[in-house]
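First chain A sits with chain B, and in the next complex the same chain sits with chain C.
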Partner chain A sequence: MEAQDLKIVGRSIPRVDVTSKLTGQALFGEDVKLPGPLLHGKILRSPHPHAIVKRIDTAAAEKLAGVKAVATAADLPDVRIGKNLKDEHYFASDKVRFVGDRVAAVAAVSREIAEEALRLIEVEYELLPALTNPIDAMRPDAPLVHPDLMNYQVVAAAQPEGGNVCSLNSLSRGDPEAGFAEAHQVFEQQYITEMQHQAYMEPHACLATYNPDNTYTVYTSTQGIFGMRNSVAEALGVPQNRVKVVGTEIGGGFGGKIVMKDEVAAATLSRKSGLPVRIVMTRAEDFMCGNPRAGFYITIKTGVSKDMRMVARTMEIVLDGGAHAMGAALMCWALPQFAEGPYSIPNLRVTSRCVYTNKANSSAFRAPGGPQTNFAVESETERIATAMGWDALAFRRKNLMPEDHPNLAGTPMRSVNVEETLDAALEISGYDPAQTGLGPNRARGLALGNWNVGGMPTGTVLKMNDDGSANLITGVVDLTGVNTSLTQVVAEALQLPVEKVTVKSLDTDSAPHAAQSAGSQTLKSMGTAAVQAAQEVKQQLFELAVEELDATPDNMELAEGEVRVQGSPERTVAVRKLLAKHMANSGPVVGKGGTGAFSRMPSFCAHIADVDVDSETGRVTLLRYCASQDVGVAINPVICIGQVQGGVAQGVGMALSEGLTYQDGQPQNTGFLDYKIPSALDLPMIETKLVEKPAVEGPFGAKGIGEPPCVPVPAAIANAIYNAVGVRVTSLPINPEKLRRAIKAKKEGQASS
Partner chain B sequence: MQNFTYHAPASLAEALALKNEDDAGTRFLAGGTDLFLAMEFAGEPVKTVVDLKKIPELTGIEELPGGGYRLGALTLMGQIEAHQGLRAQYPALVDAATVVGGPPIRNRATLGGNICNASPAADASTPLLALGAELVAVSAEGERSLPLGDFWSGPRQNALKPGELLKEVRLPALPEGGACAFERLTRSAMDIAVVNAAAAVSLDDAGNFASAQAALGAVGPVVLTVDGLGDALRGQPCSPEILEQVRKLAEAAAQPIDDKRASAEYRRDMAGVLAMRAVERAQLLARQGKGDEK
Partner chain C sequence: MKSSVKLTVNGLEQEHQAEPRTSLLTFLREQCGLTGSKRGCEEGECGGCSVLLDGELVTSCLIFAVEAQGAQLVTVEGLGTPHHLSPLQEAFATDGASQCGFCIPGMLLAATNLLERNPDPNEQDIRKAISGNLCRCTGYDLIVAAISMAAELKKGARG
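Now for the complex of A and B:
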């Protein structure tokens, strides 16, 4: 990409939503108000992890004063829904499959009455044995979570294997077995990670109305209004044009607000009662019924040559899918990048089994599958180097993927900036591979990470106003500052000051189709569409200026509200004048832009964690954290840095303290008292370095960066702990009790040998 | 949240009378940081709430004429945290009060409520037990005092009789050459204790232990004292062997269970580690207090 002279892109302008957020005026899911009365909806959720529903009696609840509607499976079409595999009834009809599974819903004039009504609904359950572990669920005698699995309709990449395995996916190249046979040494190890909840600040919240024209309007805190609309329409059994989804401000998503939740219940209750219905999850419900990061059981096997090359690798993953298959397809598209990491390995195979258990449905969480598999990959990089007596940094450098390296799906990896990214982290941290120790029980650990970012079908419309200002209409939700960055993209493309560009996220009736704000691709997809729309606008203006300027459009440029002839600054015409002319002749100036799916392109990161281990208690304190991030071009550097720091914080939680735990199918930590996310007090300053080298695609060469920063964190911390106390922990989280046990075991082992 | 009747009497007599009207259905409200959770999430049936915050006799931190302190039951954790006199003499209590929740909680949660709630993991209770605190309870019949160690009979169970209210906590003066320290282990910075420990020691002129008491939290149904510690340490220097003995006594005193926060085995192990650290640090503070800073 040629050098760019950028005026607005690359500046850390204040976020466009800063005033509404800081003054409390931003309206989140629970804040939506409509004129007139409003009902409060509550959901009756299964208290059992696995049971047959024999009978539901709602008569007593319906009679309670203040109750306006009760809904069950009988109020919806008898269809199974699901984006990858149609394996879920919106309301449980035959069985409940996890604690929190939706059984019925009530709308009442107050939350208290709705709660009282839930207690009056009688449900007769026949209890079934519960599966809380995917390894147990794969045993031949395990009870089946979905006995009809093999008859379910497959929608996307899910490939049911049978038993409780709702998807088996595999990719390979070369001949891993031959590679192991020829290797100088072969290493094998198992790594285990737990389910991790996104722990966004705002629990799921929605409000739905059934309108007199037989349409529904759904206000909801979601990452993607179009995906939500399609899911709601499918479950209600109505065409998509009859559902309008309005995205509210969103208090965090991280992948956890993609899947439909209580919206259909609210819509059904509104249809039955004739009033708007709001449903807000409690924090406990949100923990029970969310879509956490899947727990992985990973067996990784690596063959290395004498000259420090990784010659063969296999990775076998068993992932804890929870009660429904929504996680499976996600893991399929991410599969090609799981086993190889930022390296190049000629003989490679990765196999993934998504297994049903009686737990919350696992799905997307920031780089789905990334931190889990990176924990295995980068722990192994260090473990192998240590065992072979190699410098782990030299070992890494020898195996880094080159430009155009085809990934396991055959896609050439472009704009590979891994070495620059590694060097940036080494530079800011002063990391010396020969000196990782920092004193007794103190050390630093390194991990590289990557996450491949594609794009999703996304369209936009750019409207020019009479005065030369512009409005971008988008259907993406403003998550993580994307509307601010889009403002900069449009301002740059049209050479307008940011004050003359407004970007608004509109609803599904008003905006062209857009992707969800997920997959690190929002700015890449919508920004590319916006640049296209700006090109269309420019083209229209230039053609209008041909007469005035007596020049051809390809000799013109936009600057300071004027169209100019390049090289002749005196030959100009005001954009306003052209707009007036266009309006009179052929209507308003409007540009359209749209993108389909992009190829996947890697964004790299390199992290260095400095830890102190209290060897008597097992408690780990982070002393310092340095992270470099390959960003292509930073549209708004402060937003990029915020993304890196937030990603690291979530990775720290996964590494040290987070994990949804279950006992006999009952969730054990459905609140922040026992689901421990790191607070500011648990984190050091996260020092960041943005590595800028314009990418071959993306607006102005910007890469996707939302997900990558959480990928290498668990491995970097695990490697630091190893360097500090000589203990390699192979399961997450590395909580004090687990680490203390490992340190004790090592001491006892030394004492007895 | 369930419906309840709310009273905010301005006098002790009025509060006690309200409680006596329906003792079982009435709960006293201090900071509410435990009570409202119990009502909202545990469904504890409460018909009447008697808010104590307007009653002056229940407030105040005062040094007692013969040494020691009186702390009104409504003393906030944040007030303990900010109290220079307490910080100088009872750093174990101040340190414990400082880690109860975050600042908003500490400006709401009271010492008396924390004690009456009878959680075995209550951070402020552990140093109070190690320091030998006494409680004063009041009822229509009058006042009575009782040792803190006799106050708890199990989780969420205290020795208050029907119609009785905790009025104040009395901290005895530290013995000559005495000092105290608090230790805590949590899963993250802001958390309920997995285990906590406090020690109060005094040294003789030779620098050996003259007295020693320690308490352990979150390792039993109530906050526990480490039995036999004083006898084992009296006349001994603070050596690695003696600290090892502290560890063994603490491990023996602990009665932990497995729960979602930690296993019994780990809690027993940590009781030993934290007791050792508390004793060692209290001893160092005592040495510093004697001007023997080595």
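Now for the complex of A and C:
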């Protein structure tokens, strides 16, 4: 890509939504107000992990004073729904499959009355044995979570294998078995990670109204209004044009606000009661019924040559999918495409299985599958180097992926800036591979990471106003500052000051289809569409100026609100004047832009964690954290830095404290007291370096960067812990209890040998 | 069993009916119509509902509205206006301290309270002061930096 002379792209302008967020004016899911009375909805959720529903009796609840409507499966069409595999009834009808499965819903004049009504609903269950571990679920005699799996309709991505395996994918190149046979040494190890909840600060919240024209309006805190609309319409059994989804401000999502939640219950209750219905999850409900990161069981086997090459590798990955396939099935399909990590291995096979259990439905969480596989890959890098007596950094460098390296799906990886990114992290931290120790029980650990960012179908409309200012209309949810970056992209493309560009996220009735804010692709997709729309606008303006400037459109340029003839700065006409003169005949100037899906291209990162381990308690303290991130071009550097630091913080949680635990199918930690996410006291300053080298795709060469920063964190910390105390922990989270036991075991082992 | 609760929020007197078990948070959000204070957990764990009650930082989800009878409250809506942000809000804006913004009302009140008690906090003081306010988006760095910048600005203003 050529050097670009950018004026607005690359500046850290404050986020366009910042004032509303700082003054408490921003309206999040629970904040939406409508005129007139409003009902409070509550959901009756299964207390059992696995049971047949024999009978539901709502008569007593319906009679309670203050109750305005009760809804069950009987109020919805009898269809199975699901984006990848149609394996779910919106309200449980035949069976409940996890604690929290939706059974019925109530709307009442107060929350207290709604809760009281839930207690009056009688449900007769016949209990079934519960599966809380995917390995058990794969045994031939395991009870089946979905006995009808093989008859379910596959929509996309999922490839049911049978039993409890709702999806299987395996890709390979070369001949891994021959590679192992020829290898100098072969290493094998299992790594285990737990379910991690997104723990966004805003619990799920929605409000729905059934309107007199037989349409529904749903206000909800979601990452994608179109995906939500399509799901709601499907479950309600109405055409998509009859559902309008309005995205509220969203208090964090990280992948956890993609799948539909209680919106259909609210819509149904509104239809039955004639009043708007709001449903807000309690924090416990949100922990219980969210869509966490899947727990992984990874068996990784690696063959290395004498000259430090990884010559063969297999990865057998089992995902804890929870009760329904959802996003975990998509992840299962995508895993083999990126599990190779930042490396190039000639003989490689990655097999992934998504397995049903009686737990919350796993789905997407920031870089789905990334941190789990990276924990295995980058722990192995160091474990192998240590065993072979190699410098782990040199071992990495020897095996890095080159430009145009085809992934297992055959897509060549482009803009491979892995080496630059590694060097940047080494530089800011002062990392010396020969000196990872920092004193007793203190050390430094390194991990590389990557995440492949695609793009999703997205459209936009750019309107020129009479005074030469512009409005971009999108259906994208502003989750990570994308409207700010889009403002910069449009301002740059039209050479306008940012004050003259407004970007608004509208609802599903008003905006062209847009992808959800997820997959790190939001700016890449929408920014590409916006640049296209700006090109159209420019073209239209240039054509209007042909007469005035006596020049052809391809000789014109746009600058400072004027169309100019290139090279003759005196031949100009103000856009405002052009519009005033021609609007009556030619109509308004409006540009459209749109993209289809992009193939997935990698963004790299390199992280270095400095830790102190208390060998008595097993407590790990982070002393320092350095992160470099390959960004292509930073449209807004401060937003990029914020993404990196936030991603690191979530990775730290996954590494050291977070994991949803279950006992006999009962969730054990459904509040912030037991499910510990990092507080300000648990984190050091996160020193961040953005590595800029324009990418071949993306607006102005920007890469997707939202997800990658959480990928290498658990491995970097695990490697640092090993370097500090000589203990390699192969399961997450590395909480004090686990590490204390491991240190103790090591000491006892040494004493007895 | 409803009773009348009268208090002052951001300098304006408010009087509404409340059930004995209505939390101050619900009272502020639903009776007073001030939705800036956030319901993140209702267990005193996230800090999203933090307000200043007679100058003290409290989690309003754990206090009954009736307990705040006659109190002086400050919520995020009382810190500055969109047209005239407080210096602390300005610092958050320029430093990029807010991402999704859900934790920000609570953060701003915790920081306001800190700067009232300690005009010259170091990094550890700031981290301690906001340790009851969880943020899932930022990793806290830019929030800590913004609070420290606000302290500097205030010092400058005092001369």
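The definition used in the following text is that the second predicted complex is superposed on the first by the 744 of 753 C-alpha atoms of A that agree within 3 Å, B and C clash if a C-alpha of one lies under 4 Å from a C-alpha of the other, contacts with A are read in each partner's own complex, and residues count from 1 in each chain.
One rule holds for everything that comes next: contacts are C-beta pairs under 8 Å (C-beta built on N, C-alpha and C of every residue); 3 or more make two chains touch, one makes a residue touch a chain.
These figures come from a predicted structure and were not determined experimentally.
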Touched partner set for A:201, first chain B, second chain C, both or neither: second
Touched partner set for A:685, first chain B, second chain C, both or neither: second
Partner chain(s) touched by A:740 [first = chain B, second = chain C, both, neither]: first
First (chain B), second (chain C), both or neither touched by A:584: neither
A:479 touches, of chain B and chain C: first, second, both or neither? second
Per-residue contact with chain A, leading partner among chain C and chain B: C
Which superposed partner A:14 touches (first chain B, second chain C, both, neither): second
Partner chain(s) touched by A:751 [first = chain B, second = chain C, both, neither]: neither
Touching partner for A:434 - first (chain B), second (chain C), both, neither: neither
First (chain B), second (chain C), both or neither touched by A:645: second
Chain B and chain C contact sites that coincide on chain A, given as residue numbers: 112, 673, 677-679, 681
Chain A residues within the chain B interface of the complex: 112, 616-617, 619, 657, 661, 663, 668-669, 673-674, 676-679, 681-682, 735-737, 740-741
Complex contact set, residues of chain A against chain C: 12, 14-15, 17-28, 30-31, 33, 112, 198-203, 249-252, 254, 280, 282-283, 479-481, 638-639, 641-642, 645-650, 671-673, 677-681, 683, 685-686
Contact set on chain B toward chain A in their complex: 1, 185, 187-192, 194, 260-263, 266, 269-270, 273
Residue ranges of chain C touching chain A (in the complex, touch as defined): 19, 21, 29, 33-43, 45-46, 48, 75-77, 79-82, 85, 89, 92-96, 98-105, 108, 123, 126-128, 130-144
